[in-house]
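Lettered A, B and C in written order, each chain numbered from 1.
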Amino acid sequence: MSARATPGVAGAAVRSLYPIVIGFALAYLMQTVVAVSIGDYYSKILIDIGIAIVLGVSLGIVNGYAGQFSLGHAGFMAVGGYVAAAIVYYGSIKLFGTKAIYGGSLGPGELLLCAGCIAGGAFAALAGWLVGQPSLRLRGDYLAIVTLGFGEIIRVLLKQTDDVVLSEKKVAAASWWSLMDNLGGGFGFIGGPRYIDAKNPFWVWLFVVVVCLVAYRLKYSNRGRQLLAVRENEIAAEAMGIKTTKAKVSAFMTSAFFAGIGGGLYAHELGNSLRPADLGFQKSIDIVIIVVLGGMGSISGAVIAAIAVTLLPELFRSFAEYRMIAYALALIIVMLLRPQGLLGLQELWEVEWRAVGRSIVTAPVRLGRWCVAAPGRLRAALKAAADRRQEDRS
Amino acid sequence: MTAAVAPAAAVAPAAAAAVPALAAVRLSKSFGGLKAVTDLSFDLPKGGLHGLIGPNGAGKTTVFNLLTGVYKPDTGAVHVGGHAMTGKKPSEIAQAGLVRTFQNIRLFGDLSVLDNVRIAAGVRARSGLWRSLLRTPLYLREEAEIRARASHLLEVLGIAHRADEIAKSLPYGDQRRLEIARALATKPSVLLLDEPVAGMNTVEKKAMRGLIQSLRSQFDVSILLIEHDMGLVMDICEQITVIDHGVTIARGVPTEIQSDPAVIEAYLGVPDEPAPTAGEIGA
Amino acid sequence: MTKFVQLLLQTLTLGSLYALIALGYTLVYGILRFINFAHSDVVTFGAWVAFAIAGALGWAGTGSPVFAMPVVMILAMAASAALGFTIERLAYRPLRKAPRLNVLITAIGVSLLLQNAGQLQALFGKDPVKMPRLLSEAPLFKVASVQVPWVDVALVVLTVTLVIALQWLVFRTKLGQAMRAVSWSEQTAALMGVPVDKVVSITFMIGSALAAAGGVLYGLKYRQLNQTADALWMLLGLKAFVAAVVGGIGNVRGAVLGAVLIAFIEVFGAGYVSSKMPDLFVFGVLIVMLLFRPAGLLGTATVEKV
């Protein structure tokens, strides 16, 4: 019996986990080949893109799949970031005796980073549960406001924490429990070892692969389809037997988990500072923009949007002042003209490219026809308005 | 090894079969001051096909909402297959086997036809988040079974050729069929159909009539339907309950209902006074 | 005792401020079932426009004439009404039939646009300014040894006047009747001949004017105007929104009641409990309210048709 079962289990394990292996390979390639060849400047941009992908795709799970509009994603990012920072910084001192970078690639220091990020994610998921339980019983716009409120509450609470303990001796002597309150307050969590930089993007890309894998497998699974059902028609979903609140909370927690991981990565990137002021409503909106522009519920859409949103300000530095204005206009125009965003619920490989090509090719013709018809249509509209005014008066 | 096995308890087969698939006991519901449903009771036997009719605004969909847990009844009880379901959540009642279609179609519009049915088919799947993400053998087996069952249902309902189309783009008649396919995918014991032929032409209605009747034997369901099309109702329903303003005004077999004066009055009103002649006005 | 009276006075003035802003939220929600995310930015706009107008009319320094305040106020309210009209016409009206979520996102976009455009050098710039002293901060009278400055009196009196005027408008004029009809059922009102689009536009304009009044009075009382994207403005608007929800969103009297309550919680909470986290109390109230009584204190719950 067991002789037959073992190859079955092994086979199943391979089928289940091979994408992670590919992820490791990819991340390794990104670090050893890509980062080296494109140089530090572009490598850093790629890292920022990677973190944006993690945040955007994770938000897509709750905003896109479940259709629950959360405006507090930065709060979960903050929870994860701070937990990771505390574990890596204080843990580094307690375990290795130093707060500097310790060990090389995949060395003990980096493994601590990985553990810190995952722990950050776990705490963020817990926060997601706490926030989700009450909030997810509320309807659309109220849910948005409440999640916004929770994000702000998290931010305010983090601002109240005590200063980070800078003396290594004091840290080594203190207990974990007492250190939990020393997260930097309004100044932010300063002093953590920055493992992630232009030459060392491995962990970012590993987690990018993990997030995308999870998002993909979730979307094309029974549980994922249940989330989509809740998004499409919650009453019908409930009437078919789906426990909608449970589904929504589960989506919330998963989304928050990866937001936490994104926060942990963000906190350890060279050049970033982890401050409550940076992780408030504005940051949540930045992530929402990615999801709205890319398409709520599309993984490839979120990836494309994350690339665009991170890359464009870099390419057009002189227009930095107008960045937010451009995004604001983009939001409005997208909602007015193409509310599903770039890809809607579809993935890049699900788009009917032939139809897209056709509409591009015929665009000049259609534009021409519209121009020719426009004066006539304008005249008709003005006349109709005048007639209506005439009617109102009589 | 014989042991004094007690002879199988003399379970009167008649008694076992007597547990109705669906029972409403004195249901009442008010909204503010308005009494939407008053003291409604009925039994739907296993394998039965009953109708619930009444003029517009009589409270029929409210009754469905009470049965499916969307509203909590003020008084009264709902039993599905003998189990009390009063006050339970809609998802619990659906899991217990009572499933409905909607008057204003509530499909998962942006999803494919197949996905609509697959979602309902997977409602009792055991694989949770972890198993789904890890694609364990149990999960893969369940997915295959879900897909097979959903495809089969689409074929039975005659919409298999539209499996990959987006639900909201379907013609109206097919949308109604999809709703029924979706409901059936949950393996219900009781099916509530809310105006299944509304808006259909004669040809579609005829097809739907045959379909509804065949559902009972094909899927082992008991059916209660709300309808305005009297022809259909009188034709296929074994028993009909008539309500008006939330009150039951008649219950019986179609022939009885058709000649019931209270029913006629509710639908058509009472004959008017004869018009005054010219000589009587201003006299 | 002095502290209590001081806090009470603060509650009245802050509550008045919140009331003016909350009324805008509640009017728009009552009519369209839509939370106007960009409302707080109209408050900011009103304050800054008032500053700009005062400067343009030469009243930026000391010694401005008595009629300066009303003139600036009225002009700022008019400008904001125009802004509100434009926003509704261009961004919200096309989405009247769209899912609620789409309009919410659009509103967020409008809010971001107003905030960030306002910071452009061409408009209001990035530096905080000080509102000119159009209202004296000298004490008008004393209550239990607490000085009550002109500013506070004007704030409360103005608010009360505007609220009474609004009440009269909504409950005793034909326009108000039209507004109430549209808030009950847009379709039926349209069938009865109510010009729904016009009513909606006017509602937005009134809400925006009240928001501007709030902004101007805020500027006159607290004097410091931070740049338009500063979180301070958003927080102000958010708290006024909480006030509207607590009172029962869609209900005019509810907005005022909620405003006073929220101000009370914030002021007395900071005064007697902890001065570090007044915002937390307000958010906590919002969450508790939405969980246990989403219709608010004076509101009525709406049921979705299945």
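In the analysis below, contacts are C-beta pairs under 8 Å (C-beta built on N, C-alpha and C of every residue); 3 or more make two chains touch, one makes a residue touch a chain.
This structure is a prediction, so every number in the text was calculated from the model and none was measured.
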Next on the checklist: Please report the smallest number of touch steps linking subunit A to subunit C.
Outcome noted: 1
Next on the checklist: Among the chains here, which has the CA centroid at the largest distance from subunit A's centroid?
Outcome noted: B
Checklist entry - For which chain is the distance between its Cα centroid and the global protein Cα centroid smallest? => result A
Checklist entry - So what's the Cα centroid distance for subunit A and subunit C, whole Å? => result 33
Next on the checklist: What's the distance between the Cα centroids of subunit B and subunit C, rounded to whole Å?
Outcome noted: 49
Checklist entry - Distance from the CA centroid of subunit A to that of subunit B, rounded to the nearest Å? => result 42
Next on the checklist: Residues touching two or more other chains, restricted to subunit B: which are they?
Outcome noted: 70, 102
Checklist outcome for this item: Multi-partner residues in subunit A (2 or more other chains touched) are 235
Next on the checklist: Give the residues of subunit C touching no fewer than two other chains, as numbers and ranges.
Outcome noted: 306
Checklist entry - Once bound in the complex, which stretches of subunit B touch subunit A? => result 68, 70, 89-91, 94-95, 99-100, 102, 106-111, 115, 118-120, 122-125, 127-129, 132-137, 139, 142-143, 146, 182-183, 186
Checklist outcome for this item: As the complex stands, subunit A meets subunit B at residues 8, 12, 15-17, 214, 217-218, 221-226, 228-229, 232-233, 235-244, 250, 254, 344-345
Checklist entry - So in the complex, which bits of subunit A are touching subunit C? => result 67, 69, 134-135, 137-138, 140-142, 144-146, 148-150, 152-153, 156-157, 160, 235, 280-282, 285, 288, 292, 321, 324-325, 327-332, 335-336, 339, 392
Next on the checklist: Taking the touch rule as given, give the residues of subunit C at its contact with subunit A in the complex, in rising order.
Outcome noted: 34-35, 91, 94-95, 98, 100-106, 108-113, 115-117, 120, 195, 229, 231, 234, 238, 241, 276-277, 279-280, 283-284, 286-287, 290-291, 294, 304, 306
